[in-house]
Amino acid sequence: MTSASSPALDFSQSPINQALSPERKIELFTMMVRIRRFEQAALKYYNAGKMGGFLHLYIGQESVASGTISLAGPDDHFITAYRCHGHALSVGMNMNECMAEMFGKQTGCSKGKGGSMHFFAPDKGFWGGHGIVAGQTPLGLGLAYGLKYQGKEGCCLCYLGDGAVNQGAFHESLNLAALFEIPVVFVIENNGYSMGTSQKRSSSFRGCLAQRAEGYDMEWDVINGSDVYEVRAKTHIAMERARKEHKPTLLEIDTYRYYGHSIADANHKKYRTPEEIENYKQNHDPINLFRRRLIAEGVLTEEIADAINKAAQEEAAASVQFADQSPAPTIADISTDIYWETDNQTPASRIGRHFFDA
Amino acid sequence: MTSASSPALDFSQSPINQALSPERKIELFTMMVRIRRFEQAALKYYNAGKMGGFLHLYIGQESVASGTISLAGPDDHFITAYRCHGHALSVGMNMNECMAEMFGKQTGCSKGKGGSMHFFAPDKGFWGGHGIVAGQTPLGLGLAYGLKYQGKEGCCLCYLGDGAVNQGAFHESLNLAALFEIPVVFVIENNGYSMGTSQKRSSSFRGCLAQRAEGYDMEWDVINGSDVYEVRAKTHIAMERARKEHKPTLLEIDTYRYYGHSIADANHKKYRTPEEIENYKQNHDPINLFRRRLIAEGVLTEEIADAINKAAQEEAAASVQFADQSPAPTIADISTDIYWETDNQTPASRIGRHFFDA
Amino acid sequence: MSRILTYREALREGLDEELARDPNVVLMGEEVAQYNGAYKVTEGLWKKWGDKRVVDTPISEAGFIGMGIGASMLGVRPVMELMFWSFHSVAFDQLVNNAACVRYMSGGLCHCPIVVRGPANGGTNVGATHCHVPEGLFAAFPGLKVCAPATPADAKGLIKAAIRDNDPVYVMENTLLYGTSGEVPDPADGDFVIPLGLADLKREGSDISLIAHGRSVLHALEAANILQSQHGINAEVLDLRSIRPLDVDAILKTVKKTNRVVLVDESKPFGGVSAMVGTLIMEQAFDDLDAPVQRVCSIDAPAIYSPHIENEQLPNPRRIVEKVLSMA
Amino acid sequence: MSRILTYREALREGLDEELARDPNVVLMGEEVAQYNGAYKVTEGLWKKWGDKRVVDTPISEAGFIGMGIGASMLGVRPVMELMFWSFHSVAFDQLVNNAACVRYMSGGLCHCPIVVRGPANGGTNVGATHCHVPEGLFAAFPGLKVCAPATPADAKGLIKAAIRDNDPVYVMENTLLYGTSGEVPDPADGDFVIPLGLADLKREGSDISLIAHGRSVLHALEAANILQSQHGINAEVLDLRSIRPLDVDAILKTVKKTNRVVLVDESKPFGGVSAMVGTLIMEQAFDDLDAPVQRVCSIDAPAIYSPHIENEQLPNPRRIVEKVLSMA
């Protein structure tokens, strides 16, 4: 990898990046900062016992969700795995509903029923947040199928991890995508590890993971995730291919997570050297690099950047307060959101017994 | 395709084929003939109502099972899908136990419990006979894993159809095979169709199906199945790679089935033209081609070939008689062969209730 | 006015009507289009409706069912055929996690109006892996609905209800019923839909209740005839039709009427629909029972192939009659 | 002599002893080797036994479990960890067809001495897809065996029995039990194996039987204490331990003794182990019952995430006590 101050190729000059106004660039930077601050707040309150279950932090990977989703048009859709906070904020979900979800509150985006792994905002094209590794990949394919079926010029970005590529459902999805010419872009967020297993201990491959696309006669590309301009430039090509030609693409974005697999992962300094982690933070951090870049471009000043940072911190702190003060679900809440028909009290819902509590 | 009288490459000169004595060549020819005659007899009595369920005929594909399994050493193992009669006879199962199995009789290889799709002969290295498409592929991987674990210099040939390549379990098996360096050879018997769906309507691929192996950094090759010498020559290389280097291979053998997917498939002349079927029978039939070849080599005469044919017909007819006269399973037989422990009346089998019939 | 249709034709008519009614309905599955369906349920529909509405898929059940689930979240209404319901095993995650839980995990934001249909039965000598009858297995997952029609009319009425339902509905058909015939109301007389969750009293009786679903209903009816003519026992036959939602009222009503129950269920005896119905009856009608509820299930083994014996592994009229007589 | 071990340590000791006893035993699973196991059950075993005996796999459950099944047919004895039993959904075909049916379909020629183990429980706020408790689901398949230990000693004894068993055994552990402790016999006192199929009377009582398995046993014991101290009700607690084979004799014995039963089962109420046990009791001990068997199951919804409420969805001592009191 080269550092972003002298990138091998200058993706800032790609048309899709040239088209970015200074305001949009600042928005993109702000989004990356907000994701990080949101998650740092989440970490703090997870450790304070305010949440249950798992917490999979996205910190280090922010350029992927924010960069790709910054390309969204009105008919584009998104779906990912359990490491979903970055995508959620990038589609425009607010910190309150996300933090409240992790706190398990009624005001959470999923009413406290889904938790950290299951954020949803269908109104913003975001379909989760899924916990079964690669289980979301046929769904992403299906969203794109639906777009094509309904004659919309959109695509679905479907994210998965480097460990997820070895699940059968993903392979089936690749073949179907290519065979049926479905406007889906699969994005492997390659952070080098699936839990404690390095990429080379989980996958056999030639060159890179994305190259497996060739077996399905599908286009593919590899992207340096530390450069959000590159993320945008290359993902844009894939999205246009999907929207205009109904052709799928498999993208692999090289990135890194700074924390463990989840906060329960106490081993993460064992399977990775401290030097490796430090190197990423120092030399490849997508936020720092973009900050420097925008300052060099004259789009941003240190002061504005600091202010953005501070605002994000305050927003995150406020979301914690919101979450903390929100009401928890009741026992009655356990039994809703199971069937559409019963939730909507339709005639069908009144025939036969739907629930079997003794 | 070229006809076998003037093959593009003369695989009869490959060392593994040069090593074949005239007797072994005749054995190989005999095996192919026996498979065909056995199945023709099965067809006749299936149509006469002597069998239940499905009958998936292997006729047209005989060179694949007989050619590959003729390479078997003492520690080689085999597993395939439901189209399993050719493999069963090739490993040395006799016609009686096979025919009786289809007749649903106690004397069948699986005591009438498995039927046409589930022939087994573990003592001969043959592990079935499996009905769920591609479900056998992880098992084949596992047999090879077991060989390596036990330090045996053998390999497992695991067969599947061209339609089966799009099942998730197969993809997972490919990655595991390459990653763990397992001595397995996956053999795609590409007969061009999965039921009524042509290869190009079920798979997206570049070049050929076997090329998907590249995505896993695995060796692969394509074989003309109408030339049993080619089948042997190329499969031998893969088997040696497995046995000696513990490296898997993905082979694709082009072949053809003359009948429908199963005998219930009344459509098979709709999705394929009569010309296509006729062309295979006339120009690519592996038995006819090998017969001509051996006669040209002076290994076989027309008379001997006819005698082999006649003997095979008689053997098949005798197996029908054996099957017909064998006893059917009893109601009590339904309840055995479920647990090893109860079948063997071990101490463990006497603790707790294993069966719940009211 | 009604006509005599086969179960297969009735299903096809239902599918055809729903394709006509709602342009979001799309049929998918292996061999459903150009081949006309492995069991010919979809015969003629591809020719009539074309590539967009009737889609052949590769042998990738997890992939195409997951695809249907994803598309359904956007408003498409996929009706997906499993060539055998037994092949659920390779798509299980999509069926029980994505379809059943996505509404819940999203706090009600997503919904999943899919239908998965196909045959689920033993009795055709296809061996253990092809004979699963997973009604009870799927009904155990809140979020899913399951039905299992026994007659042509029920098949048509239920498939139409399933397609219109806004939740995932798994319709269990039966290869041995496809060729059976029965009266089905004429479309000219109006839209014919049978709601999920409504059992059907297929035979009135006073001495004992036989409760069944799917093909077991036909066995129960045959057994009832034998019981009447040879033993003077007047059996009532209740066809559950739908497993979830379940018509508990109808179950309790027949129990209160006859005070004796035999459940007939092609499931294996550990679990299955019958264990659940048995438990329900005990929990809610214990004092109405003159004798413990009895069950006739498949003999507790993987499905045997042998055509000489498979029918003896399954519930059949003889086994039902014997069970009823044993309770006397 | 016995020592206090955690459930996790007891399992590990059992695995370690079996690795030592039989060179064909091999542990496989995601993160079981170098990472020491996601829940640290296998901690130290890779270091001790090396790459051949303790194997990290990719996230390919169908692939590696199928691989284990194939290897087992040749005599290898794979003990495979599902990081969560919930991930059975992506390996279902291998688990219920290949493992359960290969012996049958081959007329007894193949056998499949595998163990699949891992945690199967709710209560850790991980949401609907990660909280399946599939004991009843798998026990429904003849050919499979299932157990669910509740204590450290049972965990050790049963995992060892499972590994020595020549049939596929699915061992359901519990993340909330891993850290609990209890007495476990000292290896110096001899090989400690608990046979499958043997229930354990965890508390003697005379007024009512609480029948449970897995973590529900601890809830039942706690409820029994409350019933005794606050209500003067002396409850018996029977721990099934093994679901298939099932100790039907022990079940009938406690029913005959107390004549009243509450089944405690973390399954959802449609089906599950409790529906089966309830039906069995009705079929075989109807006349011994003074009241209908009652059940405490998880509330019938996918598992909710919220840590504020998840415990209320599950069986818990309060809900058990309330159910018992409601029967008075």
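Order as written gives the chain letters A, B, C and D; numbering starts at 1 within each chain.
Basically, contacts are C-beta pairs under 8 Å (C-beta built on N, C-alpha and C of every residue); 3 or more make two chains touch, one makes a residue touch a chain.
The structure presented is a predicted model; accordingly, all values stated were derived computationally and were not measured.
The chain pair with more C-beta contacts between its two chains, of B-C and B-D, is B-D. Chain centres here are C-alpha means, and the one lying farthest from subunit C is A. Each chain gets one centre point, the mean of its Cα atoms, and the points for subunit B and subunit C are 36 Å apart.
With centres defined as mean CA coordinates, subunit B is found 46 Å away from subunit A. We define each chain's centre as the mean of its Cα atoms; on that basis subunit C and subunit D are separated by 31 Å.
Taking each chain's centre as the mean of its C-alpha atoms, subunit B lies 40 Å from subunit D. Those residues of subunit B in touch with two or more other chains are numbered 110, 112-114, 118, 130, 132, 135, 166-169, 172, 175, 179, 201-203, 338, 355-356, 358. Each of residues 58, 60, 62-63, 89-90, 93, 97, 104-105, 127-129, 142-143, 244, 268, 270, 276, 283, 294-295, 300-302, 304-305 in subunit C touches at least two other chains. Residues 166-172, 175, 178-179, 201-206, 211-218 of subunit B are the ones that touch subunit A when the two sit in their complex. Subunit D contributes residues 24, 26, 52, 57-58, 60, 62-76, 93-94, 97-98, 102-111, 113, 142-143, 145, 161, 165-167, 195-198, 242, 244-248, 276, 280, 283 to its touches with subunit B in the complex.
Of all residues in subunit C, those touching subunit B in their complex are 30-31, 34-36, 38, 56, 58-60, 62-63, 86-87, 89-90, 124-130, 268-270, 294-297, 299-302, 304-310, 312-313, 323. If you check the complex, the residues on subunit B that touch subunit D are 77, 79, 108-114, 118, 120-122, 127-130, 132, 135-147, 149-150, 168-169, 172-173, 175-176, 179, 336-341, 343-344, 346-348, 351-356, 358. In the complex of the two chains, the subunit B residues touching subunit C come out as 51-54, 104-105, 110, 112-115, 117-118, 130-135, 163-164, 166-169, 194-197, 201-203, 267, 271, 328-331, 333-335, 338, 355-358.
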